[in-house]
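Let me begin by presenting the structure, written as structure tokens, before commenting on it.
Lettered A, B, C and D in written order, each chain numbered from 1.
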């Protein structure tokens, strides 16, 4: 059994206490998506502004536990200024890290259902600080906390295409 | 455990093989009621003609097992020519006999729910041949077979009031 | 049957505690599995272990046993999905029985898609579970209910199929009749229905327990089955449906689990399959069904089917030899075209009386209309006496049935 | 608490096998009974005995074990009827959970009786199970859904009751809040509703397990509860309703058991309660619920309530002493006015994080919205951490909770 320190790494608590890119963006030009974690009631709102295939601005709102909030904060710093294609690769890589043991609640495939790319390795993507969230997979119930903002980001990216 | 002879008394098999008052009556002047035993699919149709408070004619139709059919036949001979009030007392007495052990399927009170009279003894009512059906109470599943035509008679009697 | 086979089978019987029971000093002869099967010890153990070690409400608890309970439930969902070759776990919706599964389709899909001028086609051999929900919805929505007739061999009369399917939006069919044992040509019907633009609902209550099932190969759009007939507990049924259908359907029951958000002015439904699983699920029963599926996998569904075909052949032969034309077994004559469901009419003895004598000898069969009254009317009988076989039955059970029929014949002379 | 009392209680705990379990080398501290209770050995035994000795489908079988199974099911119905003082067994309808029970009322009674211009009144502290079914039906039938607000003490604000009830056809209320523990004035509400010509539906999911229940004294017309929260198995719920209401209501689910006759052109519904019990019932679960009810009768519901009041008082006192204003317990302050449901906000630690630390010490509590999102919005919190007490809990459980809260405080420092 994993200890609490595996879950609550210092950098996570730091992002929780001092969230980056917190707030709202004006819609439009930004687009917005809302994600719910029906398990615990967490809500994450992701705003992004995309121009010329680049995520020029990101902001997050909502409320939730330290894992969902810090993950949102880390996500925002990780994708801000990135190309959309790079951000998508990062999402894949992150979600793959979150499903190493493949035991997401909701059964097989539940967290890896985003299409053909989902089997890509992430050898070529640098997760950086995000690695701190790796311990979450030892606490399967919390995986959805960590992935909530990422799934919501994907929805926001879809919005920009709509 | 009761033996089969307790259930299938000779007089019962006789009424089954040679049902009395079998057939239809013209409606009107007769009234008609149909009863179902949802357990086994038995159906009994009871026709009665009542004038001046007397059941002047009875006839039964439908299909079912030896118990339901013989009971219908015996019921028809027992009430034909009787006053309605006497017939009702007979119904009470018969149903009380059928619930001595109080274990009718459907739980407490299921076969004794015909109002305040239901607690009357039947000391004053002669059951005659109907006593042959007493063994049925040892086979609780079959009680509904035996009472089907009697419940249907009650419905037909209600019809005459409608 | 070879000595080897029957040895393996008596081992099977020994796994079912109830079958060790005696009735009136004779071993019980359980021939009513089409109504409900017995349960192997491993299924009872799985539920007891659940209750004794990880019982907790699912999907919303962060603590360890709640997570384990959720895992146990979701692994069972995976096992069930694999058992019928569903493309995704998300297509498995747990209900309380197959009756609820069919009502779910009738109310949710039917409520949204059926109206005046539409038609639903079912067969004359359906169980009430696949009739009454359509009666209810037809009365509410004003569509037409059409019937595929049964022919004199107990098969479906498909001569008018094209006409029946013309303008139909759904075809509902039982994969195997619970009265006649008939195995219906589901794939053929599905292809015809799809050509006509109709969806296909398969009532597989009598099929999944007895034959290897592949929802994709059958060509079904909806397929339902029920735990208690397949070595599983009571209180659990399954609706499989194609994900895109489930996604488009409105919710059925409302409450906890099936929502993403609830506000005073409305709610947002959860993703499938949870959208259709309102309230606390039958958790222990789902775990029990998972264990039943693993048990059947262990036996091998091909072997289960083989065993039943050969036992059905033995039964048909034995009854024919002993009672000839006095005993009529309804349904297809060829064991390979049917399941081990033997609906009998014996002389003019009423089924209720016949089964009473059989019970006196510990032989458990069912007498009645088997929840198939339209079929009974077609057969021209008020009821039948039905003996039904499963994996734990053997030739000794069939012999006991045959003997008891003889005793009944003597009794009613 | 006297030595005598606590001895009797540790005997109670010993009857629940799961509570002997250890988590991370500590005894489990189960404080999530509002989500689902643990089960005493006698309930598991009753179900095992059912499966091992009399398992068979009910109501339609003439043979001995089928009759015994039917008897076992119907005796459980009687036991349940007596447990809530229902005037007749026929008023007890078995469902899969209370969620289905409420949906049954919404769909069947509501479908037949509600339309544009009508109103249904519910409270802001309802569980989603008593909200979403009304959302669904309101969207379909066009009636208005009105809300009784919650006041600052966690009670109902009844100042506008007359206005809210004006033109209402139904009042739906939880007898006890699963978040606040509030015991609502059901009788008072029922009288007011009846005066206004409305019927009363009581969600008693959190009430029946914890207090002596008398449906007649409460003045209810419909009352639902759920087996798994009252020492019974999963997969079983109950709707009690007055017979004349059930008789007048159209069927809900269609299928076997609920019919008297089925023809190609329609069907005839069975008598109550069977009319509302389509398909094979959760037989073993009904038997298990019967055993649970007998178990609770053995303890005495008065004593169950007494125990919970005193343990709740102890918990409120302990938490207040140790954490003062750092810890906010929502809902009524007075133990006699509430159940043993303690929804907490502790500093600014998110409930999900708090419950994680508690879990690390084997303390099982629930974190989240508890299927009461409108109430959460009223409270202005996204979620709470909820510890809930039952008859098998004792002061040692409360102490373990208090200690674990301290550890969490340290951890998030």
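The working rule: a contact is a pair of C-beta atoms (placed from the backbone, for glycine too) under 8 Å apart; a residue touches a chain by one contact, two chains touch by 3 or more.
Everything quoted here is computed from the prediction, not taken from an experiment.
Inter-chain spacing, taken between the CA centroids of chain C and chain D, is 31 Å.
Centre-to-centre separation of chain A and chain C, using mean CA positions: 43 Å. Centroids of chain B and chain C (each the mean of its C-alpha atoms) stand 36 Å apart.
Annotation for chain D: residues touching 2 or more other chains are 24, 60-62, 66, 257, 259, 261, 352, 356, 367-368, 373.
The set of chain B residues touching two or more other chains comprises 39-40, 142. Taken chain by chain, the contacts fit none of the simple shapes, being neither an open path, a ring, a star, nor a full set of pairwise contacts. Chain pairs that touch one another, listed by label: A-C, A-D, B-C, B-D, C-D.
The part of chain D that touches chain C in the complex is made up of residues 17-18, 21, 23-24, 28, 32, 35-36, 38-39, 44, 47-48, 51-57, 60-66, 96-100, 102-103, 106, 124, 127-129, 131-136, 139, 145, 147, 226, 228, 233-237, 251, 253-259, 261-264, 266-267, 278-285, 352, 355-356, 358-359, 363-368, 371, 373-374, 377.
Taken in their complex, chain B has these residues touching chain C: 1, 3-4, 7-8, 13, 39-43, 63-68, 139, 142, 145. By the touch criterion given at the top, residues 24, 350-353, 356-357, 360, 367-369, 373, 376, 382-383, 411-412 of chain C touch chain B in their complex. The part of chain D that touches chain B in the complex is made up of residues 59-62, 66-67, 70-71, 74-75, 77-78, 81, 88-90, 257, 259-261, 268, 270, 274.
Chain B makes touch with chain D in their complex at residues 36, 38-40, 103, 105-110, 140-142.
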